[in-house]
Amino acid sequence: MSSSNLQLEAPLDPAFKVERRTATGRGDLLEVSMGPQHPSTHGVFRMDVVLDGERVTKLKPVFGYLHRNHEKIAENTTYLGSMPYTDRLDYFCSLTNNWAYALTVEKLAGLQPPERAEYIRVITAEFTRLQNHVCLIGFLLQDMGASGTPLMYAFREREAILDLFESLTGARMMCNYMRFGGCRVDLPSGWLDQASKVVDRFPRFLDEFDRLISGNEILAARTQGVGVLPRELAVSASVTGPVLRASGVNYDIRKVDKYGIYDRFSFRVPLGDHGDVYDRYMVRVLEMHESLAILKSALRDIPPGPIMDPKAKLRSFKPKAGEAYGRIESAKGELGFYVISDGSANPYRYRVRPPSLINLTVLEDMCVGHTVADAVIILGSIDIVLGEVDR
Amino acid sequence: MMPYLLLSSLLFSAGLAAALLRRNAILVLVGIELMLNAANLNFVVFWKFGPNPESMAPALFVLFSIAIAAAEAGVGLALILALHKHFKSTNVDDMNLLKG
Amino acid sequence: MIEWADQIFVLLKREILLLVPVALQPLASILLSVGPIMGVFATLFAATTVLERKGLGRIQNRLGPNRVGPFGLLQPLADGIKAIIKEDVVPYRTDRVLHTLAPILIMVAALLAYSVLPLGRNMVALDLDAGVLFFFAAGATTELAIFMAGWSSRNKYALLGAMRAIAQMISYEIPLILSTVGVLMAAGTLSTTGIVEAQSGYSGLFPNWYVLTPWGFAGFFLFLIAATAEANRSPFDLPEGESELVAGYFTEYSGFKFAMFFFGEYLGLFAANALAITLFLGGWNAPLQILDWVPSYLWFFAKLLFLIGLSIWVRGTTPRLRADQLMNFAWKFMLPMSLVNILASGLWRFTGDGVLGWLVCGSLVAGSYYALGLNLAPKNAVTKRIYRFAT
Amino acid sequence: MSFDLAILALLIGVSAIAAITLRDLVHCVLCLAVTFASLAAVYLRLGAEFLAFSQVLVYVGAVAILALFVVLLTRTGEPRAESRFSPQVMIPLAVCAFVFTGLAAAAWSSSLKDSPEAVGASMKLKDVGRELMTSYVLPLEVLGLLLTAALIGAAILAKADDGEDDEVTDLGESQGQQQRPMVATTHSDPKHD
Amino acid sequence: MLGTGLIKGMAETARNFVGSFLEEDRLTTVEYPEERIPAKEAARSFPFLVFDGDDAEKGLRCVACQICEKECPPQCIFILKDTAKKPDFVGKMQFQPKVFDIDVSVCMSCQICVEVCPFEAIKMDVDFELSRFDRFEGLLIHKDELSKPNSYFRKIHPTDAAAVDANLAAEKAKAEAKAVADAAAKAKAASAAAAGLAAPAKPAAAAPPPPPTPADPILKSASSSTAGPGLAETGSGKTHAPAHGS
């Protein structure tokens, strides 16, 4: 990734130094270990926080409780065998994980998915983004203590999308759908109509959510100016995804790499100017609107045809020796896979670039100086999934 | 009225004992509060058993006393906090410097 | 007949008392007052838990509990049995005496308040000259109970929760008491029955309730907000905010003690709502003169259910405030607002309840509401944010 | 002396003694709250309703809570062992005993000793209010002023050190300071010291 | 003004409260044990083994080739080959599994075994209610429990099953045709060769063993009852036409 990919409005300040807010060292400090069993750490994640009263003076993220050795397992199974494991990285977005991995291996093996498969990939990926953002917003508001209402509305919409996934791939979350050189099965009959119906109905939910919460004074008070991530820090910590864009950096891999067929769709990339929790929330809401636009045109334009590259084969798949890095814009940021092949049936080296983990590295910088309650929503606004952080 | 007066004497002496014996500033304050309460009790008792129970003056005295005690406790505890910040202790024996 | 239906419980008590030997009559009288109060409000508590869960469920587009009994109506019974038979886990280092005393004290304090609440015409357990003051004095002791619970648990979350709870309760006690001052001035008494009687009668179509005056209207909402904060209900539920502090001061409680906390909390809520009814909503009085024939206690409970429903509705809608915002709201909005309200109620006395009174007091209250809202605004109100889009 | 008064007196005596002798400061303050509440009950018994409720509201609801807060905020590790029965202690104790006997003797010799209880007398709230607003209006105003002053003073005192050791320290440097164990919650186990 | 957002939000929750009684699509909850969402056709839970006919032992399509065992990412399949062979649906002698275990506590329902199986022998079930009292032995599912008839497969995945049946039928037809041709060629060769010398070898090598006859009626009935008429046509037509050739 060259830095020219980043589209900044103004050049980064070379003299920028990460300035850590510090709290006063006065009074008794309280060390609280939040997690691994804590209602709002989104899984088995631990934050060792040092509190001065309610203010966070120090925060140490501790992860690894969900480490499942994904990368080493992948090096010891066939290429196809790690496809279902990628489902379990970010278990909200199994389809985009599939895509990122398939993209990498296709690069390695020189496969080209047919056009229909590319369309299916875009459609499923955008649906995945929708349901991920919907859930994230629900969780974020749940962390703010909204006693479940936004979360339940979010899950109501997610249900419709998961139904689509189930009728296409057979599973609601662990889809295991994409294959090197295409997709596993073709769309069942009537699927496109059903999908269009979901897309048409979705704005109703967005409006409802907007009325319910976007104008809420408490939400504004809780999120505006909280957990500001400066642009320079975001870039130098290689934060990606909505978190980066909320800080005002125009960097969306769908635009930068134009992988798949994203260059055929016209969509906009929302950017925030403040980089606080509210911006991260709003950028996601606006991204959902853009995703809907992509979905609409993709569902309209999808051509008939085969869904697998005829060169692709399932069994005894051995790409020629070489290396490849494939990346996509997943709902959480840049999801990359780096695979080295030595010509055998197993990858020689396999590595995931998980957006959740890398976005999590700036957690302390965002949290210090804020209260515990803020730390919880800042963590929520980063959008982490522990399956991906710990791998 | 004798039991009441004995009770208030007991309260007063207990408060005095706390103020004199305990070395913790908070407990000294607790003792002072006890003594104040003993005085309040006396006011009420003398109003009830005194020659003119129709007068509201004792009640008002007690009322004022309660209010002032609240103020006193607030300021006293704030003082203790400030001292604790400085001396890192609430033991009155440690506060042996005139200069802060 | 109407008279008889209205006074049936009073007459019943008198009849039963006559059967008891004279020496035991005071004791029997106490029992006959306390027993029904505890029974009725325990039942109301049970009903409210179902109502709340079903109401919240419907607000969230869920069904709510519907497994135990018809429509899930026996759910509280199941919950109660579960709470009783559950193991009472007491952490090793707790201060056992205080740990056990705290839930009892919280219940006692909540129940004490009921002794001065008039549940119907002539239906008050203890008609004190300073009834309102008694109510607040009883309420003040819950703070002690909460402190005992939080401190004796030896748990950092519990301690933080207790500290938050106490700070919150002390801060909101001031507007809570000040918002009643207008009513006390207008009624000229602190006796709860006296206040209700001052609101009986009708002027034209409308009843003489204090809520139907500008200062009473503002006072009613100030009281409700402060009472919500006192009862630690959403959006002021941060002492037990589960996303931050697990369960706040009752983190280390389980089984029956936990149920007692729960019970005590709801009793506090009912008591505060009942006082709001007494002070502002005309107590047992019927809203329309032609509905006067309905027994008074039915009106009281109808109003109580209405307020409970309101608090469930609010709970289903709002996120939670942060601790410092909560304090800001108390000191920068609630306190000045209630002071202005006292002034308005004083002016009302001189301007009378004609057009002039409405104009003067109404504009005073509305103006200060607007101004104080603006005062909170620079930090808290939604600043209309513009989002840029990159294409 | 009736039965209920005996119970109240016992409660007040025991809790007052406990409040000044217990080791754990939190227990002391909680016992103090019990004393205050029982005193309120005594006021109630004497027909001073208003005073009783004010007592509970102010002492139990505010002063005791405030004291508890301060206890928590000023905890610095294990409470130091106080030698309670050294010879040095005997002098203050004697002073207290002397004061008690003096007070008791004074009460005993009072001319009002056998005066009857004014049965009907009770503090009507209306009368209290009228007195407050007429003959005692000046003290009331002064009291208001005093309370305001106390409020401001307490706030300033509690924040007093702010300007001085409020140095903005980098987190890396201040680590040594921060590794101080959390003291507000570490509880000294009474059994072990 | 302060509070407008809150009031808007409360109006929204009130709308949802009322809407949950009036609008069907708001309530997504399904009261599970009594009310079930019909399984989607593509739905999958855990693998099972398909057998033709009504004899699980005889009709089992699995030939113990162990590809699925090798490809299974979490390695939850355990296969032990039987030494004896048995004829498969085209009549070729094949191995069969002596032991075929799937540990469903390990299985992650990825469907890779289904995809790699060249014999259409393993398919995904839709039954998800697998709770057992023993979580180790109980969740290790053995061959007899795993084997389910083709009719069941048709019931749960009709489209898939139709395609599979068509495939198999085509393959079988091809095999039959080949066998007939082979037999003819063999006969010709045999008649051309000396009559007495090769006589004992002939029946074993040339004559294909009879196909699993009991399968046919079941196949017919299942296909005509559960699947649509088109399916029945393809199923019965293609499966049976050459079946009795020998």
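Annotations for the structure displayed:
Per-chain numbering from 1; labels A, B, C, D and E assigned in written order.
We adopt the following convention: a residue touches a chain if its C-beta (ideal position, glycine included) is under 8 Å from a C-beta of that chain, and two chains touch if they have at least 3 such contacts.
These numbers were taken from a predicted model, which means no experiment stands behind them.
Among the remaining chains, none touches subunit B as well as subunit D.
Distance from the centre of subunit D peaks at E, each centre being the average of the chain's Cα atoms.
Ranking all chains by how far their C-alpha centres lie from the centre of subunit A, first place goes to B. Among all pairs of chains, B-D has the largest number of C-beta pairs in contact. Note on chain placement: the centre of subunit B and the centre of subunit C lie 34 Å apart, centres being C-alpha means.
In this assembly, the C-alpha centroid of subunit B lies 87 Å from the C-alpha centroid of subunit E.
One simple way to say how far apart two chains are is to compare their mean CA positions; for subunit A and subunit C this gives 44 Å. Averaged C-alpha coordinates put the centre of subunit C at 63 Å from the centre of subunit E.
Each of residues 2-3, 5-6, 9, 12-13, 16, 26, 28 in subunit E touches at least two other chains. Each of the following residues of subunit D touches two or more other chains: 50, 54, 62, 69, 73, 161, 182, 184-185. Counting only residues that touch two or more partner chains, subunit C has 59-62, 156, 316-318, 381-382. The touching residues of subunit E, when paired with subunit C in their complex, are 1-3, 5-6, 9-10, 12-14, 16-17, 19-21, 26-29, 31.
Residue ranges of subunit C in contact with subunit D, taken from their complex: 93, 95, 98, 128-130, 133-134, 136-138, 140-141, 143-144, 147-148, 151, 154, 156, 159, 163, 166, 170, 173, 189-190. Listing the residues of subunit C that touch subunit A in their complex gives 56, 59-62, 156-157, 160, 164, 234-235, 237-238, 241-246, 315-325, 379-383, 385-391. By the touch criterion given at the top, residues 1, 5, 9, 12-13, 16-17, 19-20, 25, 28-29, 32, 35-36, 39, 42-43, 46-48, 50-51, 54-55, 58-59, 62-63, 66-67, 69-71, 73-74, 76, 79-80, 82, 84, 89, 92-93, 95-97, 99-100, 103-104, 107-108, 110, 112-113, 115-118, 120-121, 123, 127-128, 131-132, 136, 139, 143, 146-147, 149-151, 153-155, 157-158, 160-161 of subunit D touch subunit B in their complex. Chain contact summary for the complex, subunit A toward subunit E: residues 77-78, 80-85, 87-88, 149, 153, 155-156, 159-160, 163, 166-171, 174, 176, 184-185, 188, 208, 211-213, 215-220, 314-315.
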